[in-house]
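Labels run A, B and C following the written order; every chain starts at residue 1.
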Amino acid sequence: MSGREDILGGIRKALKRGPLDAAAAAVLDARLAAPARNLIPARATSLDHPGQVELFVAMAEEVQTTVDRVAALADVPQAVAAYLASENLPADLVASPDPVLDDIPWAERPMLRLRRGKAEGGDKVGLTPAFAAVAETGTLMLISGPQNPTTINFLPDTHIVVLRADQIVASYEDGWTLLRQRQAAAGDAALPRTVNFITGPSRTGDIEQRMQLGAHGPRRLHIVLVGDGAAERPAGERPG
Amino acid sequence: MQPTSHAFKANVDKALGDATLQTALGLAMLGFGPKRRSAVERLPEFEALREEGRRIKNQTLEHLDYYLETFERNVTRWGGKVHWCRTPGEAREAVLAICRSVDAKTVTKGKSMIAEEIALNDFLEENKITPVETDLGEYIIQLRHEPPSHLIAPAFHLLKEQVADVFRSSHTELDPARSLVEPRVLCDEAREILRPKFLAADVGITGANCLVAETGSSIIVTNEGNGDLTQTLPKIHIVLASLEKIVPTLEDATTILRLLARSATGQEFSTYTTMSTGPRRDGDLDGPEQYHVILLDNGRSAMLGTEFQDMLRCIRCAACINHCPVFSAVGGHAYGWVYPGPMGSVLTPKLVGVAEAGHLPNASTFCGRCESVCPVKIPLPKMMRHWREREFEQKLSPAPYRFGLSAWAFLATRPALYQALTGVAMRVLAAFGKRRGHFRSLPLAGGWTSVRDMPAPQGRSFQSLWAERQKAKAGR
Amino acid sequence: MPEQPIRVGLFVTCLVDLFRPTVGFAAVKLLEDCGCIVEVPRAQTCCGQPSYNSGDRADTKAIARQVIAAFAGFDYVVAPSGSCAGMIRSHYPELFADEPEMATQVQHLAQRTYELVSFLTDVMGVTGVAARYDGIATYHDACSGLRELGVKDQPRRLLRSVAGLKIAELPGAEICCGFGGTFCIKYPAISDRMVGDKATEIVATGADTLLAGDLGCLLNMAGKLTRRGTAVRVRHVAEVLAGMTDEVLPIGAPDEAVS
């Protein structure tokens, strides 16, 4: 007997039943097709959107993410240049080929040199957009795709994320809902290979339980937060 | 690894006498409790979430076959493959076959307790494949050729000086005179050394904190980002997971994740929580070309429907370990196998046999702290007691101890005889012990008096004094 | 106070019966002071924990049946021990889960069984006692009472009403003392480490008295404290609450009057 049949048979024997009948399976299928939310803490869901933006910033800063707030996408190049200068970092960046970043007037800061593509071992600074962000714990939600290679999130020492305030949602569940909406809109192929929830820069406590930043992933996580989120999100993008 | 759980008592003596270990344990154990407590206090819903976690896991176990089949269907749909493995041997062979298919020379590894359980590193080395542990703690202990001492902090039994020593003797390409005093420097050195290994590896192996049936995804949680580099850069990503890691939906996984970091490290959320579904998609610029899930049973399915089923809820957060006074005293290696502390004392007898690991469920005071912090409310003391029942049934406990127990039970069910005999014994003890108030040693009580005095009894038993009082009352 | 006096069956516990009868009389006094009628069934010995925690279910059941029979018919059953009360309250129902015909009596007993101080405060509504004790006491939360029965604040509340008594909180009061029944003789090295750490913490509070609600833990801690030659006086909390500390020396203390 194959391992598969053996294991499944063993489970059924232990549960004192055979394979689920069609009716029982249909009930479970239905549950999977329309996943129910479990208890979600009120910490973020009880706030209005401006409150969620404030909570996101506070929670992110608590875990050593730095956050710079700017009014508009047009302000991003200046903010990025200023951040790199303040940290004494090079102005060469590897950036996602995501068209979202094309809306930013990079040419206004010719000192910033953006290479678009996946990250390589030598890249020092990476720049990406985010798919969403979760106020509850100051967590970024990034997804992989042809325009969003995952390596940028991990290989460079510094990760800069351009996030619009209206992308901030209350909970991870809101993030899943956005992901499912995206998948439904684009067809099956849209479930990304990788979803990264990122909460602060890389760290380890493995030596004497003392926290050090920059274990293997980025030493610095910097968010350029655009706008105040006051503009309504398009109705179709609203979570749950 | 070969279990040494049968030598638990000797392991304990060694651990208690190891001054360096005791210093490291003292340093490490101080932080866990307060960090968890403040994270829990910050989330008013935490207790309700524990109940949710328990419910989700229980409901999943009731339909485990369905969810595993659904998981496999979805993994396949996204281009991955599930390998069903009954035993550690089958799991090792499945990993080897995948590695051989691309003629792999080196394999990077994220932290995986299943890899420890199936002793994967030794096996890969025997087959001329070099495994490289990338979690800093795992890397340190790999260099030291020792097993992890803790589920989430594998090198927590070491002081930084010991880490410096092993780095100096292993990283011979670096300047031998360099300073390795600061943990910061040690971290940076490991980062420098491991980065090219991440880039060069042919295969990346990670564990899984959850498998999601709905999407066919695996989820890993790390703080270092090593798991992400491990699973993104090589051509092949292999996930090692035992079958009880399955949850139905992303929402269910999310509830587990809310419990996990707070219970483990006291973090609100781990730095990196990563969901992976299949290999890279068409057009993706990076990510693995193959995605394999090694689904290990190793006796777990046989725990369903038994008194040990609740253990299958375990999410490996280590809260029980971090709050265990026995573990705090002796550390992880004393337990003699992969899983230490209370969860190990329940799981290890199942995985390596109760004859080998019989000490573990006995080495507990049943103080209950483990159960009180368990994020999915596993009744750990109750299950340790179940192991004691199995041992008793199989007559595995020492004969004198069993005799003592039977004698006590014989007396305890004969109150008159009990009162007569104990009354005499206590009066004798009281007479001898009255002046000093306690005994430095007592015949047949060496286990007690070897480490503490035995306070002397007052004299007459309560029952005899009470009878007298009642008589006097009646006579008035 | 209800019209009909409450009939309480005192489960003395084997350790109190054999080692420290004063704790039993202190319990009787505290119960009678709040209007209960106390009876002590003769046919009681042990709650069965040594057998139960050693995996011997058959003997445990035999002992438990005796307890269930002896304590049928009381309004409440009270034990000066969180561990023995917890055994009856939490573990008897589990022990007899495979005997549905026992369910009613087991549940009935379990629901009426209380640890002494919890009974006084939670059931009888006692808020204070008329007792005096001059000293600084620290309090150890014995595990079963704390985690199985939720005994934490109750003893502290009553102790605050004792004249002359100051409380110095014990850091790590909720961490096990290393007694654990047969654990302390099966694994003396680990138990030694645990009770040693506990003794160090106790001494560091500066308290002259250690109190707790379980005699097993008290014997263990007292034994370590005298072995270390410290002068900390160790007593069951009931002795202090009942004002009966003059009737008996502290646990393990030498009798200066005997030469």
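One rule holds in what follows: a residue touches a chain if its C-beta (ideal position, glycine included) is under 8 Å from a C-beta of that chain, and two chains touch if they have at least 3 such contacts.
All values derive from a computational prediction rather than experimental measurement.
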Chain at maximum distance from chain A, centres defined as averaged CA atoms: C
Closest chain to the centre of mass proxy, which here is the mean CA position: B
Length of the line joining the C-alpha centres of chain B and chain C, rounded to whole Å: 32
Separation of mean Cα positions, chain C and chain A [Å, integer]: 53
In the complex with chain A, residue positions of chain B that touch it: 24, 27-28, 31, 43-45, 48-49, 52, 56, 62-70, 78, 83-86, 90, 134-137, 140, 153-156, 158-160, 163, 183-184, 186-188, 190-191, 194-196, 198-199, 213-215, 223-226, 228-229, 232-233, 243, 248-252, 254-255, 257-258, 265, 267-287, 295, 297, 301-306
Sites on chain A touched by chain B in the complex: 2-4, 6-8, 10-12, 14-16, 19-20, 25, 28, 31-32, 35-39, 41-43, 59, 62-63, 97, 117-119, 121, 136-139, 144-146, 149-151, 153-155, 172-173, 176, 189, 191-210, 212, 214-218
For the chain C and chain B complex, residues of the former touching the latter: 12, 14, 16-22, 24-25, 40, 42-46, 48, 50-57, 59-60, 62-63, 66, 94, 143-144, 147-148, 174-176, 178-196, 219-220, 222-224, 226-227, 234, 248-249, 251-255, 258-259
Chain C-facing residues of chain B, complex: 9, 12-13, 16, 325-326, 329-330, 362-369, 371-372, 382, 385, 387-393, 397, 401, 405-406, 408-409, 411-413, 415, 418-419, 422, 426, 434-438, 440, 445, 447-463, 465-467
